[in-house]
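Order of writing sets the labels: A, B, C and D. Residues in every chain begin at 1.
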Amino acid sequence: MPFQLEIFINHLLNGLTLGALYSLVTLGLVLTFSVIGIVNFAHGDLFMVAGYTLFLLLNMSIELPYVVIVALVILLTAFYAVVIERLAIHPIIEKSWRTHAITTIGLSIILQNAALAIFSADPRTTPTSLSNTVISPLGIRISVQRLIILVVAALVFAGIQVFVKHTKLGKTMRAISQNREMCQVVGINTRKIALITFALGGAITGLAAALITPLFSVYNSMGSMLTIKSLAAIVMGGMGQVNGAIYASMLMGMIESFFGGYVSFAYKDVVSFGVFVLVLFIRPTGLFGKKVGL
Amino acid sequence: MKKTLKVFVFLVVVMSLALAACAPAATPAPAEPTAAPQTQPTEATKEEMPPTAVPTEAPKDPIKIGLNLPLTGALAFLGEGYKMGIVLAIEELGGAIQGHPIELYDADNKGTPTDSVNAVRQLVDVNQVQVMIGGGASSATLASMPIILEGETPSVDGSSTNPTIYNQIGVGGNPWLFRIGTDDLIMGQGYSDYIADRVKSVSFVGDDNQFGRGAGQVYVPLLPRSGAEVLSEDYFDPGTADYRPALTKIKSTGADAVLIVMTDQSCATFMRQFREVGLTQQVFARGGCTTGLFNENTKDDPKIGEGIIEFSFFMSGSDPDFADRFFKRYNQQVTSHRFAGYYAMYHTVAPAIEAVLADGKELTPANIRDAIAALDVDTAVGKIKFDDHNQAYTKGSLTTNKDGKQVFLDEVELKPIDHTGF
Amino acid sequence: MNISKQSLRPFILPIVLLVIMALLPLFNQSGFTLNVLINVVRWLIFALAFDLVAGHIGSVSLGQPIFYGIGAYLTAYLAGKLGLGWLGCMLVSAFFMALLALLAGLAFFRIRHVTFAIGTLGAAIVTQLVANSAEKLTGGALCTTGVPRPQLLLPFMESAIKISKPIQFYYLFLPFLILTLVVYLAVTKSRIGRAFTAVREDEVRASAVGIYPLRYKLVAFALSGALIGALGSWQAQYVTVICPSDMAQDITTSLLIMVFVGGAGRLSGVIIGGVIFSILPPFLQAVGSKYFQPAYQQILYGLILVGVMLYMPDGLDGLASRILRRFRGIRKEGV
Amino acid sequence: MEMQHQSNQPGVQQPPLLEVRGITKRFDGVVALHQVNMHVNPGERVSLIGPNGSGKTTMFNCITGFYRPEEGQVLYKGKEITYKRPDKIVLQGITRTFQNVKIFPTLTVLDNLAVSIQQHQEENLLKRVFYTGGIKKFERKAVEISESLLELVGLVQMRNERAASLVYGQRKLLEFACALAPDPDLIMLDEPAAGVNTAMVDQMKRLILDVNKQGKTFLIVEHNMGVVMDISQRIIVLDYGEKIAEGKPAEIKQDPRVQEAYFGK
């Protein structure tokens, strides 16, 4: 196959959007992991619940503008996250990682099957008018929804940088992520911060779901793969480094796009997970150095 | 002390939830249109619908029918679809056949071989059903075949499309399994010729499951033989994939047409992105690209599915009346699995049982098996009549989408085909 | 000395279990019962092998189904293409899976804790995806079918017995559970088990008493891999079909529920969890399929798992022994 | 190099049991130890002191193989052990305790001791699997030793309790007993008197002196100056990763550099 620049640019763009998508999903998870030290195996399922929320809101009898719906999904997902934190995470927060992992795996089973019981196994689509509006700058056709994802992802990452470095709450979170015990000693209420972090992670996940599901569909077992890809990104990014996880997500998007496009789709996940497992062996501390914390 | 109390409270909560789990089945909630009907209709058939037979007679022995279907896991939508069709069929039968009330027994095979063995064991040994309806995953069917043989209970299968099965049933060794759906090889021959008559090259894309992969194994070698080159072959996890990279690749291969083998939901997502990228090739499909559910999922923009040519069996176009009844009952569109479930029950199992009763014989699994083997029923999709490999040759149909609606193009007679080598 | 008294106690439960399991078919020989019993045996072996790693050395490996799947595929090749007997298949599978576990262990034990769990999960997914895509090797999503069933050739017999009835499978399978229990007890109730505990609780401290943690982790991992590989080999010959879904994550989920709800790292816990959660699903299905939708069942298991983690971190076994202890205490006071 | 220490002629001073030569250890550019030399003679009681963060525990970890120093050597009985694994070093006869008391909480008190002994009894893994007869003998021996040590530290009545149920002081005693269990030549204690009451401090001091009389060598990190002065024959002082003084307790007390390091100017 001859090299075609247009095709290459298309793959690049696809990789970029896929990466943006993965990193938006990863962001919520890496925040809670970094600040609270909990690996939430039910994170993808929270995304799924947010997706169904979007589905219900779009199919209400009153038609709301999309922006309002996005805001509602963000708020509701943050609320779900808070409920989950209070009921299941809060009581075990001081226990071992093993307890964290198994509890959240249990949560994941509950959420997936509750969704199955309520919504049946049929995937639901949540198209918006934006996902069918296509523009073609420079001859590359792309839907407005996808562009919005790219722009919002960039804004969210920039926002997180500002938040962590320049707000009091952000600085506190950063401090906790770097040294939990010391923070407890100096009187920071780490439990309250944990709750806030969960809410923030939920809000970002809600935003991600509200933007991304219109391009795809939402179904009960979709969370597993999202959780696993996010976890892989977090590990590759250096266990809890927010920026590292974002870069790793972008890398996975690029690998999938280029390997799938030029070699084989059947093996694209094999390759992206293969890279992840290799990184574990060669650099267990992650690809981007071992700076601790946010 | 406080700890013990907590444990106690927890146990009470779990127990009450266990009880609560029964509740939705016992008291059907007012059906929310989008929610699947699940057990509600089953209950309805059993409790609310009195047998149509003369009420003065003493109740006759029930007919026990087992469902060996994937009800959870990745293929749950298949099992649910089957069940919806079966439940509708039973409702239309009035909940009974000649006064014998119909009882349904579920067994979840999760679409996996191991659980399929468990499921058939349960149906045969515990529920002691007289006949089973199965379908969904070919691997599950293959694993359950020894148990079906050993349990000596007939099973009617709607959509295990793996050609291997053909060689193992009927004279192939297992007289208890019957297929009303044709397999990939039988369908593939006709459709490959049809495609090759129209285009010179094809890009193949499929769901990454038994359905898509199984079709790939047939079409990728058959198409070149019919005269159309296959330029790429790719599979995707149903639902998850961002198809854009694949679409970009298809664009770069420059194939004349795309052959999609996907179920309804993946196809809707795929086609949406297909249009986004601006591809204009002819789209051939096999599976769920012109179904009611597909059109439902793309109703915001009917242009998405416009002009797709699809080859399928059990399509609503071939029995529009049934499609209407189905929509009325569930407020959902029919799919080929929902269709297959209905046909397996209404046009296969029910006539066989009637035949047994008409002959004045006992309703034993063996008698039902013989009756199924002897069936010759005319339906909207052709005769249900089994050959010596227990295969019925229902008709295939060609359909397309026009203005967001399925349009019936043509029927295709399917013929027996040599299965050696599979 | 009290040590001898203590060393007897762990044998009581497994012996009772084995006696019950060996005698049960005398009372009920339906294919369903036997199939449930076969499943109990299968899950118990799986859970015990999983517990060697997750419970005893504390490395929660979410990749154990890899050994199961590869063992099964290997058997399809050995039995189907090379005509190797059933026992031979199991032994060869066990050997190669132990070898694979050693190699994988050398790589994966460089990482720890939750990273280890995530890494092994990643490896499990890669393996499943490869099995799904490498159609020439595994049949892909269409599965490998037609694995021959075992044939038993006993001395003084003219021709081999073809194992096809559930009861034959069951009694051929049961000794494998006995072997697993013996291995499990021999390892965990000995000095090696003490070293396992040391490694699980504190690797630094373990090094400081002369224990090389990696060595013990490898021993546990290889043993677990061998047992699970043999189990996969067995299952392939029982079901005759092997699919990539046989390595799916819900197997790991079931193992986690059995081991951690029952009580990780304790034989009685694994037995309690394994028996309950391999009998409950088919029982609920068979008795209450009208009422118990599979989705509700799964929700229930999820709730139990979360609830146990929140309120009974020792699992059902811990709860049982606490109740027993209290009961005994009351009786002693009364006397 | 090794020749130096093999002079076993009478009259010549015995070679040191442990010798540390020019150890340097850095963490992310921060120098924790810089070119430190020190030695411990057989049968001696040596204390390693210094303000917080002066590198005492780092030195412990370098000797016992938990850290890999960037420069320098550690010699034990004249043989280099610098880059050996911790478990190998233990088997050569150096045991240690930890600053933040490490025991195995779910093992019984007796098993905590037994597990400290077992690795020394048989080093070959294969032997452990196939040589069951020997194992039983080893096990009896291990229990015997453990019982006598429990008597020594006064924990006999707790023998079958889970170690998790011990209070802090008892845990320290157990850890101490574990360090004695495999009959080592050099015992390294990291703050044996920290966090326990005065009675326990006295018990600890007595234990150390008693065991030392039986010929065991001690290297101790300790903050409690009273204890250090009472039990040490020689004291080594670290500050900012460098050795600033060494000598008998009385000399160290007078040393101006030590006073400066501890109390500032």
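Before moving on, here are some points about what is shown:
In the analysis below, a contact is a pair of C-beta atoms (placed from the backbone, for glycine too) under 8 Å apart; a residue touches a chain by one contact, two chains touch by 3 or more.
Because the structure is predicted, anything quoted here is derived from the model rather than measured.
Chain centres here are C-alpha means, and the one lying farthest from chain D is B.
Chain A and chain C have Cα centroids separated by 33 Å.
Chain geometry summary: the mean Cα position of chain A and that of chain B are 34 Å apart. The distance from the centre of chain A to the centre of chain D, each centre being the mean of the chain's C-alpha atoms, comes to 49 Å. Chain C and chain D have CA centres that are 42 Å apart.
Residue positions 113, 116-117, 266, 269 of chain A are each in touch with at least two other chains. Multi-chain contact residues of chain C (touching two or more other chains): 132-133, 293, 295-296, 298-299, 303-304, 310. Not a single residue in chain D touches at least two other chains. This structure has the following touching chain pairs: A-B, A-C, B-C, C-D. Considering their complex, residues 30-33, 35-36, 39, 132-133, 135, 140-143, 145, 164-165, 235, 238-243, 245-246, 248, 250, 282, 285-286, 288-300, 303-304, 307, 310-312, 319 of chain C touch chain B.
Note for the complex: chain C touches chain D at residues 1-3, 190-192, 194-195, 197-198, 201-202, 204-212, 215, 219. Chain A makes touch with chain C in their complex at residues 39, 88, 91-92, 95, 97-103, 105-110, 112-114, 116-117, 224, 228, 231-232, 234-235, 239, 266-267, 269-270, 273-274, 276-277, 280-281, 284.
Residues of chain B touching chain A in their complex: 24, 34-36, 38, 72-74, 76-77, 79-80, 208, 234-237, 239-240, 242, 244-246, 248-249, 251-253, 265-266, 268-269, 272-273, 275-278, 293, 297-298, 300-301, 304. Of all residues in chain C, those touching chain A in their complex are 58, 60, 107-108, 110-111, 113-115, 117-119, 121-123, 125-126, 129-130, 132-133, 249, 253, 256, 260, 293, 295-296, 298-299, 301-306, 309-310, 313.
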